[in-house]
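Each of the next two complexes has chain A plus one other chain: chain B in the first, chain C in the second.
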Partner chain A sequence: MAIRIDIKKKMLSANGEMNLDINTTLQMGELITLFGPSGAGKTTLLRIMAGLVQPDSGHLEVDGETWFDSNKKINLPPQQRGIGFMFQDYALFPNMTVEENLAFAQDEKDNSRITELIDTFGLNEFRKRKPAGLSGGQKQRVALARALARKPNLLLLDEPLSALDASMRTSLQDEIARAHQLFGATTLLVSHDMNEVFRLSTHVVCIEDGGISKSGSPEKVFSDTSISGKFQVVGQVARIDKQDVVNIVTVITGSNMIVKVIAVDDDTQPLTEGDRVLVFTKAFNPIIKKI
Partner chain B sequence: MDSEFLQTLWVTFKLAASTTVILMIIGLPVAYFLAYSRFRFRPVIEALVSMPLVLPPSVIGYYILVAYSPQNWFGRWLNESLGIRLAFSFQGILIASVIFSLPFMIQPLQNGLRALPESFREAAYTLGKSKSQTFFRVLLPNIKPSVITAIALTFAHCIGEFGIVLIVGGNMPGQTRVASIAIYDEVQSLNFNMANRYAFVLFAISFILLTVIYSINKKHETWRMM
Partner chain C sequence: MNKLNGIIANIQQAGSIMLVDIKVNSHLFSAMLIASDEENSWLKTGNRVDVVFKETEVSLAKGLSGQICLRNRMLCTVKDVTKGELLSKVTMDFMEYTIVSVITTRSVEALTIQPSDEVEAMVKANEVTLMRTTNLNAKTQ
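Here is the complex of A and B:
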């Protein structure tokens, strides 16, 4: 049971023309992140999966069913793909209450499913409220619940947390992970945030300039095996402070741990805030002890 | 005299109401097409729909009258196969008025649809809903202010139609004589008292209609919060 993607599409991006060329096989049941800089083609790939964008050529197969095939002229419309899609702007319908938004997603009315989703995402007190009266985090939860209301086999999330502040993000990341465990839908998530990738996904596909640059488990993809360190942590540069002759680089790791590293000018020169970095040590043995 | 006054007002409202209903039925699919289609010649259709905004009513009226004439193929076909003569009849001014009010119905609807985020339609599709389910349950309810504006503008505009009705329909009491033409007629025969009554009714209706649109649209902003 797998997702087989082999598609090509010519895209117009801010940096001119770009060819999206993706060829990979993903396992069902996993929580997969599409990671990469903005404009690399992540969202387009997700929209191709949903049937909202048509590739120029290729083949797309999910769980044994062909969704797109340019040779056989197959292109299943989004309605028939059995997916849940969460949009960056959530796309909640303003004319419907939270409850009605969820009910709208169902082909056959199933109140117990709606109640289950409302309980799971802590939406009980807002169930009669319209989207305009909800906060960003609440909207995100409604959108996630609505995407799950049809019991999709494949859940597609387009940068679900980009509009939220840091503390809200963490709690909603847990929400997504829980939804994945609880409902078992294969989840594909677009993200350009490393913390998110580490906290959430079991598999990460790095997309750069329209192609896959790396693919695998987050630890494998983001660690540099060419460095034979005894102890390695991957993180993102949060801040670089200059102090007298050295610099203090603050790195936030995938598990939200904060590491401060002392570095000389030569080392910090190529670094800017937001860069992905590997923190490692060679000279000392890390020691493990039961606590 | 009084029964003629009521009769003229009746024709005026019958014309405006029928035009609005017909345009509502034609306008929704056309507005949908213009808002979302990627058809290459869409600008041509858009231009045709908006022509009544820039052309003098007499120009459109003239062409319609020519088309109705039994000397031309359309008029002849109507006359011979259906036995209908549209010139100087209520049906005739109704069709003319539908054509002339087209942009007043379509433009607000089209703008309303375009202002909705693209993701609404896409979300409904990914939730398994067809295009028509999406239109009636998601798009239409969320452009309520545009729908109200379109209906009220079309209705108000029809009540005020003058040139096109005069050319296509003439001034036949009980058939094609509408209030705006009656005003002109009464002024011509120096019957200012009568003209005043017609004018006041038209003024009052237009004013009330526009006030209603603006207050509903204002209220709608607060609805969204609940």
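Here is the complex of A and C:
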């Protein structure tokens, strides 16, 4: 029960030619994030999984079924791969109602599945409405429900929430997590938002320059073993306040904890709001108390 | 953060607690750490490491006599004092390094710390973090 990826693909990126070279085995049932900078190859990998882009060579196997094999000349078309998609531009059919959009995605009609999805995503009052009458967040819910309508083994989400504002994004992250629990589809999510990675995923694969730089649980991947400090959290700088001769840096961690750190000017000089930072201290400093 | 580069001279271990001695030029620093498997690859005698400690963990003394348990003592020359309402920043020269200490303005005044003064900067061994020295040309990953 695994996803085996061993593929190579020559790509043209903003910085010239790049070789996408991915070799990894992922477990079914997990919510896996592909994390990394723009142009690293995350979306191409997702499109290869979907069958929309063909690798130059290699082998791709999901749950025991070969989807691609360059030696055996196997390349299953997207509709035979048992996948559900959701992209940033959700591309709902404008002439169809919410219900019809979901039904259209199904190979075999299954009304009970549609009702279940509409209930799960709180779309009941909109089921007869067309996409033009929905808000951005509602459209995104419909797109997620549509991706799940055909009971996919693998759900592929390409930065599905990047166009939404922060509060809408948080609530849709919860929906994705809930959908993953309820429907159990193995999910591959492309993201470059670390909070999203921590909130959603059980496994993160970091992709840089076309290759995997790190892979594992979010906690493991984002901690730094080249520092002896045992108490490490990763977060984003929310604000920097100059106070007296020092600065108070407010950091929001991956698990949405707010941490305040005193830092001198030399340490805050390279920092701006939104920067990713590692906050660390030693195992000797924290005080523990039963509550 | 204060950062000095040195070579691990000795490691003493009791269970998973380690006391690491690091030579920065001829000066010996100590760091108390908890060992873990991931770090075993680079926490070894002879390896280069950065000795790191926070400005707020640096205590200052003037004309200190008697014995003290702090392991890391640096004889420094004060370069600059920036006084704030409660806290002050004392910048010092130590060998080729700059050491910064943030202490209360009250203490700066009690010790009358001013530029060109000789002071002793001190850090407890358990406030010292070690970092694997990264080659500037190497990739960070």
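Operating definition for what follows: the second predicted complex is superposed on the first by the 272 of 291 C-alpha atoms of A that agree within 3 Å, B and C clash if a C-alpha of one lies under 4 Å from a C-alpha of the other, contacts with A are read in each partner's own complex, and residues count from 1 in each chain.
Rule of thumb we're sticking to: a contact is a pair of C-beta atoms (placed from the backbone, for glycine too) under 8 Å apart; a residue touches a chain by one contact, two chains touch by 3 or more.
From a predicted model like this one, the values you see are computed outputs, not experimental measurements.
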By the touch definition at the top of the document, which applies to A:84: first (chain B), second (chain C), both, or neither? first
Tell me the contact category for A:104 with respect to chain B and chain C: first, second, both or neither. first
Which of chain B and chain C A:50 touches, first, second, both or neither: first
Applying the document's definition of touching, compare chain B and chain C: which contacts more of chain A? B
Partner chain in contact with A:264 - chain B first, chain C second, else both or neither: second
Which of chain B and chain C A:17 touches, first, second, both or neither: neither
So the chain A residues that chain B and chain C both touch are none
Applying the document's contact rule, which stretches of chain C touch chain A when the two form their complex? 1, 31-34, 36, 38-39, 42-43, 55-56, 82-89, 100, 102, 126-127, 129-132, 134, 141
If you look only at chain A, which of its residues touch chain C in the complex? 208, 213-214, 225-230, 244-246, 262, 264, 266-267, 280, 282-285
In the complex, go through chain B and note every residue touching chain A. 117, 119-120, 122-130, 137-138, 141-142, 144, 224-226
Would you pull the chain A residues touching chain B in the complex into a rising list? 50-52, 77-81, 83-85, 87-89, 91, 93-95, 104-105, 107, 129-130, 132-133, 146-147, 149-150
